[in-house]
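Here is the structure we will look at.
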């Protein structure tokens, strides 16, 4: 994926994940690609999508060219229906008002567990990452879509640290831990759309992006990644999708 | 059986909770914070960060503070690099997603000179809320199964719900020694109105054993009493009121100014090159050198102040 | 292990939570309440009582409702006497302290034809709040030692705090089937702004499986979006919006009208003489006879309406 | 106590209980005499008294001649410093911000337990009373002052039902039940001011109102009521106190 295809990897990510959002849903969106993709979905095919930001914002309209630097600044409240406290907006997840959580990821494993805390041994880390933010709560309490770059160092057999729970050790282990709802729904990358096996809860290829082979995906994945029978190829980003994205992010903060 | 509840009640009872004038200088307010205190910060990321009070604490060379906040941005760097704190409790710690990972946070935590104790975002909120409610904990359905909870050991207990048999985690109350909260306006008694994003501030104020408010402006008690349903923090929780225009700079204050992006870009660049020396130099120039908060703002620059204010005020332009 | 949480989530997921027009008539909204439902009422005592919806439910001859509210005033009499409910859960039940004990409440409960299930005031609030938070219970330090708790049996459990060894009571969550809430204004989607006293309404709306708002007036969504920090109930919790001016009469709506004291004096006198016949006569005259809510207000009288409004609006006169 | 003394029993109650409130305290006041007495205290000797109402009101000034019918109507918010939700204002008690709770009572026993729920057997009551309201929470969570008429049927050996806990069965039983703070401080009647023994927690006469004898108090009490050594006689209501009261309640809603 390069500029040669007419879009960047980030644009592809934003478009492909936006398409997974359905009209009428409440989506809890993180900053960056998720915010951009949710806004895109709202403008293109899901006008009844309600966006929630963890800063405490319900149903805002992000103003083109004024993307907020995080979900905790005034820009993300523009033309919102409601602003509430952080704890209260996170409790909407626990109460069940949120259909889908949507965030980026630094490192993910075969069961969809996300790590945004430590690279290496947590007691003596190579890199101390910024941490969970709302990630742990969102992924504990609702169904998840994750958007991230497909690189071998990011798709690892076992994350160094489970910051945001996916299916933990697979099978029924998530439910057994006390997390009786939610779980990973899709991981969207610049190469493919990934799903999870109903029983084992292991990651698998659900769809390939245009021009990408299963082999290429596996080469960029640190664990064995099966492909669904008849996994389709996704439709390339359409001109209107790309135009909308570029209108939102003219400074290319997130789509570069 | 420990008695934190009786201690909390005794401390609260001993506070002078009358409707009384609490206006003082930044320096006098800084003297209310003791070495080793647990200090909770209001706001979130780059919003309503109580930077003026932090600036005063750095200048007063306060030591050994435990800091808690919902999400920590550049103020965490400043607190680590200045030696004011070596222990920050939060859910996320870096300048902000557009600037990547804080090199200062990495430098101090990876070298084990400081500790970043990680809780989930909602857990931080529920811990303050438990403290605000006078409870020893609140239950929740988050944090289970993850290494975030596991790493916190006995601080996060589990229970089986006696009504439903479900598993729940318990999040222990936080009752900070001091809360530092920046608000757009309050009266001399500490009745505060907060526009827009509320973050965890009301709970933090209610939970804390002492509250220091910095405010963009002090309004009359009469104005408060004309719209009592807009008061978000009641006077009896507040111990000090300091009027500090642009008291969150270089972060934002809702409806008044947005973050000073240029200054934050420069800061990120300077600390990325050399976290320790970069941060020390930054502290030298912006914290120790200026004689007053106005001098500090002057160093950031009048153009930057006006630009941040223009953007901040534009929220209601459309 | 019971699964009320999974049931609650499934019900919530099945609701149409889009930003959509929900404006309908009183009668259409009344049809959303089923016989046997647990119906929570917003407001408190003689404030923002959802009388117009109750009026519609009485006229629709709804049966077997369990009613919950923070404090119950004359609407409880009406619900008992009309046969709409024989079970009210609240902390206090009578017209209001100046009118003495409700003879209607006494008549129906002492004869065991209806039940007044008594919880402490804060317990009612924490039960709604637990429901709003998606928790099975909230802990508290109240209700212990008293016969109020003892009489509730297994509904009020106790636990020992694993952090402090303290005893705590647990208050089980309430997730009402329907909440009826009267607000001064909301948009067609259900985003509601509430001035002044808030009572338990925000928690009730968040906890319930269905919310019917009656409102003094419907405002545009654009007005809501200009002050999103004034929204107290978010649209996605709301299922119906009914515009009913003076929808709390003869009780008050903050800043718009005070209670209709004359009407309430007459009611008290009439029901004190003969609780059953007095209440039946009252229902006949004010509930069944009028053809519309405007007719009902007409029976209360234009002078009474104007007097209540004059007093209500005077709150900001000084 | 009659009009012959220049004041009514209710006025005496209001004045005597007002005097127990100290400047600088936060008082959680019920409607009726407590509201009136707290307002009186604020105007006469305790200008720094903060009044809280269970409707969710912090620091109001009650307007003379416009006494609210309950603590849940707009009149009690006049010139308040803050209005908050009911649950939140009650939680101030649990958090410890409130120095004293102040309410009326229908029936009280020797250990200060209050009954406002049932006269007779709760399963088959002679009278179903209106119930606890905030009473149970206030008396569970803070120190209490109770103002009530002194009648034998109200001062009973054992209440039919403990709505609002005093010292339960006396001794350490209150603390043993889990109520680790609060408890009865004073009961003010139209005959006397009553306190509680430090050890047994039984009620005793702490002071007598002008012209009242211990005998007269005992005659109106349904249990044995000792008198403190050197129990003083209270100072009669002063003209300024009565004038202020009558200004607040010109319609004599509560002071009749």
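Chains here go by letter, A, B, C and D, matching the order in which they are written, and residues are numbered from 1 within each.
Everything below uses one rule, namely that a residue touches a chain if its C-beta (ideal position, glycine included) is under 8 Å from a C-beta of that chain, and two chains touch if they have at least 3 such contacts.
Every value quoted in this text rests on a predicted model; they were computed, and no experiment measured them.
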If a chain touches chain A and chain B alike, it appears here: C
Geometric centre distance via CA averages, chain D-chain C, whole Å: 29
Chain B and chain C: spacing of chain centres that average the CA atoms, whole Å: 38
Rounded Å distance between chain B and chain D, as computed from the means of their C-alpha atoms: 40
Where chain D touches two or more other chains at once, by residue number: 57, 77, 79, 83-84, 91, 94, 180
Numbers and ranges of chain B residues touching at least 2 other chains: 5, 134-135, 140-141, 166, 168, 196-198, 228-229
Pairwise touch network: line, ring, star, complete, or other: other
Interchain contacts, given as pairs of chains that touch: A-B, A-C, B-C, B-D, C-D
Contact footprint of chain C on chain B as seen in their complex: 1-5, 134-141, 157, 159, 161-166, 168, 170, 172, 195-198, 226, 228-229, 316
Complex contacts: residues of chain B adjacent to chain D: 5-6, 8-9, 12-13, 16-20, 132-135, 189, 191, 206, 221, 224-225, 228-229, 231, 234-237
Sites on chain D touched by chain B in the complex: 23-24, 26, 48, 50, 57-60, 77, 79-84, 91, 94-97, 99, 180-181
Interfacial residue positions of chain C with respect to chain D in the complex: 44-47, 70-71, 90-94, 96-98, 101-102, 105-106, 109-110, 116, 118-123, 125-126, 128-129, 140-148, 151, 158, 166-169, 196-200, 202-203, 252, 254-255, 258-259, 261, 312, 315, 318
For the chain A and chain B complex, residues of the former touching the latter: 31-32, 54-57, 63, 69-70, 72-75, 77-79, 83-87, 90-91, 93-94, 117, 122, 125-137, 140-141, 161-165, 168, 173-174, 177-180, 253
